[in-house]
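One chain, subunit A, appears in both complexes that follow, with subunit B as partner in the first and subunit C in the second.
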Partner chain A sequence: MEISGAFKNAGKNLKRTGKQIRKNYAAYLFLLPKLILFTLFIAIPVVWAFVLSFQEYRITESNIFAGLDNYKQVLESEAFREALLNTTIYTVVTVPFNVITALIAASLIHSLGRFAQNFFRAAFYLPTVTSMVIIAMVWRWMYNYEFGLFNYVIGWFGMEPINWLGQTNSALMAIIIMQMLIPFGVGIILYLASMSSISESLYEAATIDGANAFQKWVRITIPMLTPSTVYLTLLSTIGSFQVFTQIILMTGGGPGYATETLVHLIYKTGFRDFEFGLAAAQSVVLFLIILVISVFQYRVLNRRN
Partner chain B sequence: MRGKLKLVFMLLFASTFVFILSACGKDSAGETDEDGNWKGKITIWDGPRWAQEGDTSGEEGKGNQYFWLEGKIEAFEKSHPGVEIELIKVPWAELPDKLGVNIAGQSWPDIAPVDISGSAVSIDHIDQGVIEPLDDFFTEDELKDFYENALDAYTYDGKLYGIPNSLTVHSMLLNLDLFKEAGVEPPANGEWTWDEFLDTAKKLTFDRDGDGKIDVYGFSTYILPGYYEAWPFFYMNGGQPLSDDLTEFTFDSPEAIESIQALADLKLVEEAAPVSMGGADVGGTFQAWANEEQRTVAMEPWATWAITSTQSSYPTNFMVANYPTGSTGEPVTIGGVGGWTMFHQESDAKKEVVAEFMKFISSTDEQYLMSKEYGIFPARISAAEKEPFADNPEMARAQEMSSQVVMLPRHPEWKKIDEIIQRELQLVFNGEKTAEEAMATAKPEVEALLQK
Partner chain C sequence: MKKRFSIQKTITYLLLSVAAVISLLPLYWVFSTSLQLKSYQDEDLERPTSYVNANPPKMFPVGITEYFEHWGKARDAEKIGDSEQEAYHRQVMDNIVTDMFSGFRQLFQQNSMGLWFFNSLYIGIVVTLGILLFDSMAGYVLAKKRFPGRNFIFWLIISTMMIPSQVTLVPMFIMVRDLGLMDTHWALILPDLSMVFGVFLMRQFMFSIPDELIEAAKIDGASEWKTFWKIVLPLARPGLAALGIFTFMNVWNSFLWPIIVLNNAKLYTLPVGLKTLQDANLADFKLLMSGAAIAAIPMIIVFLLFQRHFVKGLTLGGVKE
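For the complex of A and B:
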């Protein structure tokens, strides 16, 4: 009885959806090109990667079904564990730092005049539109042991130069510092836009109640920006788990495996070793990790809201 | 009206689909005419080689570095009506990755300038039928014109999987101005022992302006998976990474350990190399030796390309020397062989034309020209006998080193084995592990791959 009811409901829903599509067919037709491209270049590759993760990839023959072998290899792999640890450390340090500094920078910029706001908006957004390849090359020069900027500066304080990218205890830290010092342009722009939509009456009421500027920031601005904070945290976490360009250009994952990250490992497994089945399994595991963390972050941050 | 609008949209999207699908399709088989001549399109990939003298066109003013192959394509098309050859220009640095992606997508070119050592194409690809054997297109006499080690590099399981067109070696490049400044004599005939090399490196490490900081170091190199500039040092006492039958890891032998540690100690103990030695910065290492504004290192080992690059772009007073000899007394270097490979073909008629074109661009005259203009050693004996380096003593000296070449192990898992070893070597050169500890760590991982 219950099942037939469910079928009836599903039938009704389908009918309703069909009716809606017929009614708005012009809008759906306009959406169709995007949908086709999305299907061809996103949906099909994602599904194919999932299927591939259960296969041994062969180039000129049919792939061989491998069951859970690829996943077993991923979980037993020391390199994957190291890459996961490095990527997690990178994410745990850079994401909170970037989101908090973006919030502080946006709050400071928001209180400025229009011209100054525009100037800082552009200045902080500039690194976002600059190629990471260029940024990584400049930073590699800044970390150079013999003539790099960082060793030059610490030399003023009588400190010994550091082999930033050449030692296992400093290489990952150097990559993290680089990411921390690149302004989180998207975050600043989004926070500024959200701040503009906070009602002035809230601040006026707080002023009447005797709140100072810091109290207003903590009690009104930050809570009102929670949706933006959730979005930026998720965005930044997903981006951090996919860190790649700076790794391949600055350290190649070394010294040893000190800066090996998940996407760099997936890239090597796929395009160096041509083990696409294993690389697909690594990608699916990465997808699941990001999914779990994102859902957790969303729930925790939204609960506070 | 509504019906017409619907029809317009339907046509629009149908044509979009047809366009996308036709773009994904591949017209590669061609057709054979009544006379049995194949007609169709051949795709060849190549990287930039050399430009005609005086040509400064292009964004970087380097001229058209594909003009040689474009000329050969034009000549071949003229003599083979109906055959169209498309040249895809790919920067050398991007070629292995791009080819890897294309192989994965089964959209490979017909011809590409790659070897089968594993950088872009590996033994695994041969096993899977991605590369075509070429034995049927060569007579025994034709093959006799190639150096044996050149043919060996393209031979797997008794079959030839490419036409070799160049040999390269790694050699030591010595900045003679810095030798003169330090009052050090370069090795006679470019030959030396490890002790002589070590002594020279120490003397070439000096503080130029008396500020207490070293301005010039004797030696430097880098350690990175896929690169082997430092490796001839590790062979100098008779060590080698794998046993001859490829069943055992042998870089943990006393001969190998001793030589790896000796080179690391050149930096860690003798301080005759910069701290950056053994890092992963390829460009930075070369600039430190070649760039006029730096020249902070007197000696570095490089592959053949660095000789021509120095001669053309970084005018330097330099000489080419052997790697130093160790307890074996024999100089050793690592070599490479370049050439053309043919990718999987569906049509035998097309295969013949593709092979004909590959032979057309690999003749004695073409290899001689390429050696002279592009700075590689010919793989054909007849091209070498024409003495392409009669007016280039540095290249001629490096060519002499071809006889010292040892090839890297030909194992299907070599890329993974190489990474394990090189990652451990990085830790030796930054002082975090001794050579013995590092190779002991590498051993079980490598042997697990060897037993696969």
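For the complex of A and C:
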């Protein structure tokens, strides 16, 4: 009795769902083009990447099950360890610096008049709309040993010229300095937008209590901007772990492994050596690293409130 | 009190101005180097062989000041009727202009810069139009319609936004190769059209469109498509503008995937062309910066024209939940 009742119910539900689907066929048609593209070029490749990472897959031989061999090889290789270390150093230095300077810049801009706000916002966002290819090319020129702008500028302070990109001990530093000096345009714009939505009454109350501008900034502005800070930190950490364009155009990962990064290594493994299985395993590891860091950051940064 | 305020303001302006100079200096350096005199020789003066490779670096394109110097001298010669001197200075002026723009000329004559520019432009436009249409269709029904599987589809799409795009590089390469799309523009356009950020953005935007308008259209007997095309899309224009600009920017600047699938120099987009240009002319910085300048100008213009849409797109896209 019970079983047949359950069947009857299930049948009814199914029928109702079927009716709903037929009634809303237009909605599915609207979704169809995007869903097809999404399935073909995102969903299938993502699943396939995981499958590939367990296979030995090269140009000539393919589909050989390899178990965890690829992962073992990834974790044991010196190149991967160097790439992971470099990418981590790069991220740990540049992300906090860029988020904090964006916060300071936005706070300064916010206190200005409308025209000045627009001007500085544009000045800081312009490098972000310019392709990283262009930025990397001009920085390579500015880091030039003989005629570069950088060595000229440090000459003012009595320093000897440095072969920025050509030496093991300065190449990664050069890439990091470059990232620090490119303003975090997205951050500045998002901070500015969030700042204008902080209620004026909070500041008025603080003024009555005798708080000065700096106290208000620390006690009101920064806490109220926490959601933006969390978002921007996540966003730029994820972006930072994917650093590639500067590397291939400025150093090629060298000298040695001095500026090797995770994505550049994936590129080399996959499309210079055509070790598809290995490259897939490297990219899965990259994904897992980014996932773990994102969850961790989200938890830590959100704990305060 | 008043005085302290103005000191604060001065310091603010000073700090921001220094930062703005640092921010814009690389772009300035692209344009300055691209116009710098390179091989031009003038018998009158002692010159280095190249102002591009000068130590200390020339902060301003030398040709511009020299051009006006000779222009003045030519005018003076004209006044006193010295036609020989005048012709000489006019000739120098021509030489200066030729030398200043020699990088650009070389790019268009010896490399396929014009073709690369065109490729980038048309791929950017095709992808942008496709994304605007498909993503607003998807965003519209995900925001405004109730149907079985709606939440599942939305979360499925959104969850892949967390996955770094490099994960799909290898499978996509194998797929594109097996489909015979290697070295075609389809290999760029199709994956670009599948980007999902716009679905999320348009769905957010569609929530702000009042249901009553959609209901009213339905009561008037408009078909689903007509309602979407005539009522919803016009109302979504600000969202479309923001999405369109970001899509075009992403496609115009995209680099990693194009360098993997394009081998034929005729099919290159600008970033790929610039990379091969650098690989072939590692130390010719005037040439490299000329190429960089050409690639930079369109985005700078788009940005200056549509600044507020950039701001809108960024604030819409920022998750604030």
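Assorted remarks:
Quick note on the criterion: the second predicted complex is superposed on the first by the 264 of 305 C-alpha atoms of A that agree within 3 Å, B and C clash if a C-alpha of one lies under 4 Å from a C-alpha of the other, contacts with A are read in each partner's own complex, and residues count from 1 in each chain.
We take it that a residue touches a chain if its C-beta (ideal position, glycine included) is under 8 Å from a C-beta of that chain, and two chains touch if they have at least 3 such contacts.
This structure is a prediction, so every number in the text was calculated from the model and none was measured.
Once the two complexes are overlaid on the shared chain, A:P33 sits against subunit B and subunit C alike.
Legend: residue contacts after superposition of the two complexes on their common chain; A:N144 is shown touching both subunit B and subunit C.
Partner contacting the larger number of subunit A residues, of subunit B and subunit C: C.
When both complexes are overlaid on chain A, the residue A:V129 reaches subunit C alone and has no touch with subunit B.
Once the two complexes are overlaid on the shared chain, A:G166 sits against subunit B while remaining clear of subunit C.
By the touch criterion stated above, A:I21 is placed in contact with subunit C alone, subunit B being left untouched. Of the two partner chains, subunit B and subunit C are each touched by A:F276. In the superposed model, A:Y257 makes contact with subunit B only, not with subunit C. Common to the subunit B and subunit C contact sets on subunit A are residues 26, 33, 40, 57, 140, 144, 146, 270-271, 276.
In the complex of the two chains, the subunit A residues touching subunit B come out as 25-26, 29, 32-33, 36, 40, 57-61, 140, 144-146, 161, 163, 165-168, 251-252, 254-257, 268, 270-274, 276. Residues 5-6, 9, 13, 16-17, 20, 97, 100-101, 103-104, 106, 122, 124-125, 128-130, 224-225, 274-276, 278-281, 284, 288, 296, 344, 415-416, 419, 423-424, 426-427, 430, 432 of subunit B are the ones touching subunit A in the complex.
By the touch criterion given at the top, residues 8-9, 12-13, 15-16, 19-20, 22-27, 29-30, 33, 52-57, 133-135, 137-138, 140-142, 145-148, 150, 153, 156-157, 160, 162-175, 190-191, 193-194, 196, 199, 224-225, 228, 249, 252-253, 255-256, 259-260, 270-271, 274-275, 278, 285, 288-289, 291-292, 295-296, 299-300, 302-304, 307, 310-311, 314-315, 318-320 of subunit C touch subunit A in their complex.
Those residues of subunit A lying in contact with subunit C across their complex are 17, 20-21, 24, 26-28, 30-31, 33-35, 37-38, 40-46, 48-49, 52, 57, 105, 108-109, 111-112, 116, 118, 120-127, 129-135, 137-142, 144, 146-149, 152, 155, 181-183, 186, 189-190, 193, 213, 227-228, 231, 238, 241-242, 244-245, 248-249, 263, 266-267, 270-271, 276, 279-280, 283-284, 286-287, 290-291, 294.
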